[in-house]
Amino acid sequence: MKNMKRILVSLLLVVCLLVVCLTASAEAPQYKKMKIAWGTNTTSEAFVKMQNFFKDVLGPALNVEFMYSEALTDAGSMISFIESAYINGCDGVVMDLANFIDQGAPVAQDFGMFFVGISSADAVENLELPNYISVVGASAAGYGESYAKAIQSVVGDGEEHAIMILSGAAPYGATSFIEGTVGSLRALQDVYGLTYENDLYAMATSSTQVEAANDKNVKITVVPGMGDLTATVSPLLQTGEYDVIVGTTDIYSSLSVAVDEVEKATGKNISFISRNVFSDTVSTAMNGVDSTGNPVVDAIVCNGTFEHISSVVLLRNCFDGFEAQMRGEGRPSRVPGMNPLVITSAEEYNALSSDDMPYSFAAIEDIIALTSLVNPDVTWEDINTYGQSLTTENILIKYAK
Amino acid sequence: MAANKEVLLEVHDMVKNFGVTVALNHVDFVVKRGEIRGLIGENGSGKSTVSSIISGMQKPTSGTMTYKGQPWAPASTLEAQGKGICMIVQEAGTIQGIPVADNIFLGHEKMFMRGPVVNHGKMVKEAQSLLDKLGIDIDASERTERLSMQQCKLVEIAKGMYWDPEIFIVDETTTALSQSGRTLLYRLMHELRDNGKAVLFISHDLEELIEQCDAVTVLRDGKIIGSLDKEEFDPDVMKKMMVGREIKGGYYRSDYDGYSDEVVLKADCITTRHDLMCFDLELHKGEILGIGGLSECGMHTVGKALFGAEKILDGQVTVGPGKTVVKDPETAIRNSIGYTSKDRDRESVGLSGSIHENIASTGYIVNRLFGPIISFRKEKKYVAKEIRDLSLKCASPYHTVNTLSGGNKQKVVFGKWIGADSQILILDCPTRGIDIGVKAAMYQLIYKFKKEGRSILLISEELQELIGMSDRILIMKDGKVVYETKRADNPTENDLIEHMI
Amino acid sequence: MKEKLNRIVENRWFNRLLTPAILVLVALFFTVATGGRFATPRNLQLMIDQALIVATVATGAVFIFATGNVNISMGAATALIATIAAKAYVATESIPLMFVIAIVAGAIVLAITALLSTALHVRVLYITVVMMTLLSSLQKGILGSSTVSLPYAVYSGMKNAGLPYIIFIAFFILCLVMFHFTSFGRKLRYIGINDTCAELTGFKKSRYLFWGFVVAGVGVGLGAILTIIRAGSISTDTASSLNMDCMLAIVLGGMSAFGGSRSYTWSAILGAVLVTVLNTGLQMMGVSSTIIQAIRGIIFIVLLVMSQKRPNGLPSRDG
């Protein structure tokens, strides 16, 4: 079953590559110059990386010029930015401000600019606006799937485990945390074939620590909280009961020391699953070995950046006159694209974090192949499918040396 | 006799402008060893400006100075102090919240450094021995805010004297000093003179200048009018030089007109948080009632209490025939009372505001066009009238008050209350720090008020002024009236002093 | 020559006209630099739209700043009032009620600030530091973790009817008259010049401070309405930079940061428009947003230094 899936995806990728080879071998078409306004909620390091990619690779390839906002905080500043995008002659707007994309769309509509929002949740309002093209970005469900995979890689060895899941900001309504927690709980359900006594979502969003009581008596505990995890979690770890700890946020930086201490004291390995991005510290952790001889971090869930590409491609195609294929049926299309990557070994990590990897693992030829001028039949669904295909296995196959 | 003494400091062709205002207009003058030179002139004549330039407090717009034969352009007062030029300024030059010794050695803490720490004990000891040597009875370890105004001045004097100055500049210091303080300062000045140093003495008090100085230089409108040696001293000549016109011998009123029996303002057994305990007072229509005493006797509180600006714990102040109770300044003003504070800059005038804004502040009701809307034209007229009537010297009514000299500032305050047509004026030290030219005008004005039927409460620390102007004088001591006398009794200064102390 | 320059600098019209002149010059510069693209009517309208919320709240705040006091809780107050008003609309679907609630609640919140300051004898600044935290936690409490949104048709309808302009102009004229043509504004300014002296001239500080805050509160209420009309939804980040923007606008608009004499109601709109003109103009010239922030900072400092310079006074001593 699992293998079937793998083969299917691989096949799909091959098809994609074929399409690319067929079309990209031809000359890249003459794109008309267009300008995209990019509204961001943060100007972090990741944002700068994206700007560099746009400036050096994507912009020149698709003949797109970009204009960036300052870090936007509220609907007011977002609207001001869309207005200045119009003044500055932009043709499309990408808004990375999840809570307010539905308010941004009508403003862009007023000025005749195409609009793409970035969010893990789908659009709710203003769906009828013809210029509201799409909502891109990994879905909450995608987070769940990724966590399920990560859990399986650790727990699926047929042995008994006691698991602690740190639900992070889930009680405050943060969807990626909720889905991460629920996904982890579901994965455990599958692995052990157990049935929970309580509702998954209720457990995930509980603001106090809960035991996920079940018929197979597997010990599963959900611990919420963001702040100082060391203080709340260490005492639980020191009981020596838990041997798997799952974080829906970056728990490596906050808990690695505490986990190490417990491992040393009990001589028992604790498996570690964390949400992280590629960085030097994570690299050391993935490649390192703890006091019990096991990897320091066993698996990480790593956010993808495919929405940075899909949004630009969608707008490019709209600008070239193909908005009918980019927008869904009477409503904005939903393009979750790539799920967060699941990395379960040092080898995988090292290969994926290599400098040779293209931005978001999408080769520029592939991207060009997704533009309507090259391939007039391309729809938003193709863009989504391409994004979906970017999983750890596929990437490793594709870029294998 | 002064001609053959060595020249210590020479000021040459000095100009100082503040914006469009010319404070010093090509001034030349010399200071010689072994003399006490008085600097006199009206407010705004440039006395303080020239001395502050000499002592490094500010820089001239142009002009040069020579000190002990060398070019002199001090970058700061500390540099001037180190080179032997010290100045005692008119306002408080001491910092509160630190001990006296720290004030004396402010900016020179290095002298007492042992490694990175200041040896405070040594500093206090040094300061104490300095104070003792000068005959000043102050504990050097006392915190400065506990000292009286006079003691603060004495600390400043000590601070200057420590550096063994070659030129000691005393700027309008004596107004803050009592007789004993003055005697001490005069003694120090004479000692310096006798040791071949020089003293530059700035004062409004002609008598004092005549007594203490060896020579005086007169300034007017930023120019040197002339210098007089001791043998040429003559009050009338000096006044004439200062003002530029004849000032007649006495500038107080000379009549013995009475006043009505009608009581316009009455304090009925008022008790305040400080100073006053069941205090009574009656002010009549057309009366100038003088209140005198030592500064701490409570008379300033009386002024505030009558205006409603001091919390009255018991008893009441009533005004007018309707006996309206005065609870706050608002009621007081509505009942035509005006008040000028002793602390003019802080309480009676808004320094950063324009002359226009200050004077117009009392005319918001009369200058209305309709409803609550104010007529700009009426307001402009209102202000222009006061400026004209008081011959207030200013380039424009829209200039800020802090560009004016003390006398003109006081005129702004008067302008406020005259503009409001106040029938009762409580004047607390109205001529403090004001030179004779403006002073004379003020006295004429006060007399004019009386003749117009207004009532004036004149609170003053200058006995001559009280005797010269009042219909009735109350002398206060420890919050109580201890002596009352009438104009007809022709009281003398000695009579009054006797009751004050 | 130098004297002539001095005379100009010390003229009272110089300070009043400095900012308008700078605004016109900056706008002309951008128009020329962008080949006229900058000054299309649509663009100018957008720049004014962007400045309107800040201008409204800041116009009211002039009544506080004039007294030499600083209120740093206006942004938090606006966010709170906007939340309350938006919730009120969602509950009742009545626009007039939303207006009334916003204005009344704004006036009450600010009046409480003034009363706390005068009753407890604590400087306004310190009270508003506390109020800022208090109001914003109150807002978060009322809002919860979600956002509150008005239906698109409702808020866009108000926008298209030109309601924001009507609200601003009406409030601005009201403030202009109160501040410059009645004794109220003059008294506030006199308190700003010297509060002790103002008290002794019969202007009860506590009373005028109270009414000044009430006017500012009405401004906050209207600002909250404008925020709702503009954005359609309120979150915990709503108006997060509003307070700083208001203070900057007032000062850039040529008003003294210390209140007093040089307090003008028109400073708020001038300063607010100046900020948006700078932002837009620089963006159109292709300057990146990070560099714009830096340039804006530099221009702010230069303008501050220029507009805050006081004429040299004579030394306060006689002589």
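Points to keep in mind about this one:
Think of it as A, B and C in the order they're written, each chain with its own count starting at 1.
One rule holds for everything that comes next: contacts are C-beta pairs under 8 Å (C-beta built on N, C-alpha and C of every residue); 3 or more make two chains touch, one makes a residue touch a chain.
Everything quoted here is computed from the prediction, not taken from an experiment.
Across every pairing of chains, the maximum count of C-beta contacts belongs to B-C. Chain C has the Cα centre that lies closest to the mean of all protein Cα atoms in view. Between the CA-based centres of chain B and chain C the separation comes to 42 Å, rounded to the whole angstrom. Centre-to-centre spacing of chain A and chain B amounts to 77 Å, using the average Cα coordinate of each chain.
By the touch rule above, chain C contacts chain B in their complex via residues 3, 6-7, 9-12, 177, 181-184, 186-187, 189-190, 193-194, 196-204, 258, 260-261, 310-319. Residues 37, 43, 46, 49-50, 53, 145-147, 149, 152, 156, 227, 230-235, 237-241, 276, 279-280, 283-284, 288-290, 292-293 of chain C touch chain A in their complex. Of all residues in chain A, those touching chain C in their complex are 43, 67-70, 73-80, 83-84, 86-89, 99-100, 102-103, 106, 125-126, 172-173. Across the complex, chain C is touched by residues 17-21, 23, 41, 43-52, 57-58, 89-91, 171-172, 202, 204, 307, 309, 328-330, 332-334, 339, 341, 345-354, 357, 360-362, 364-365, 372-374, 398-400, 402-407, 416, 433-435 of chain B.
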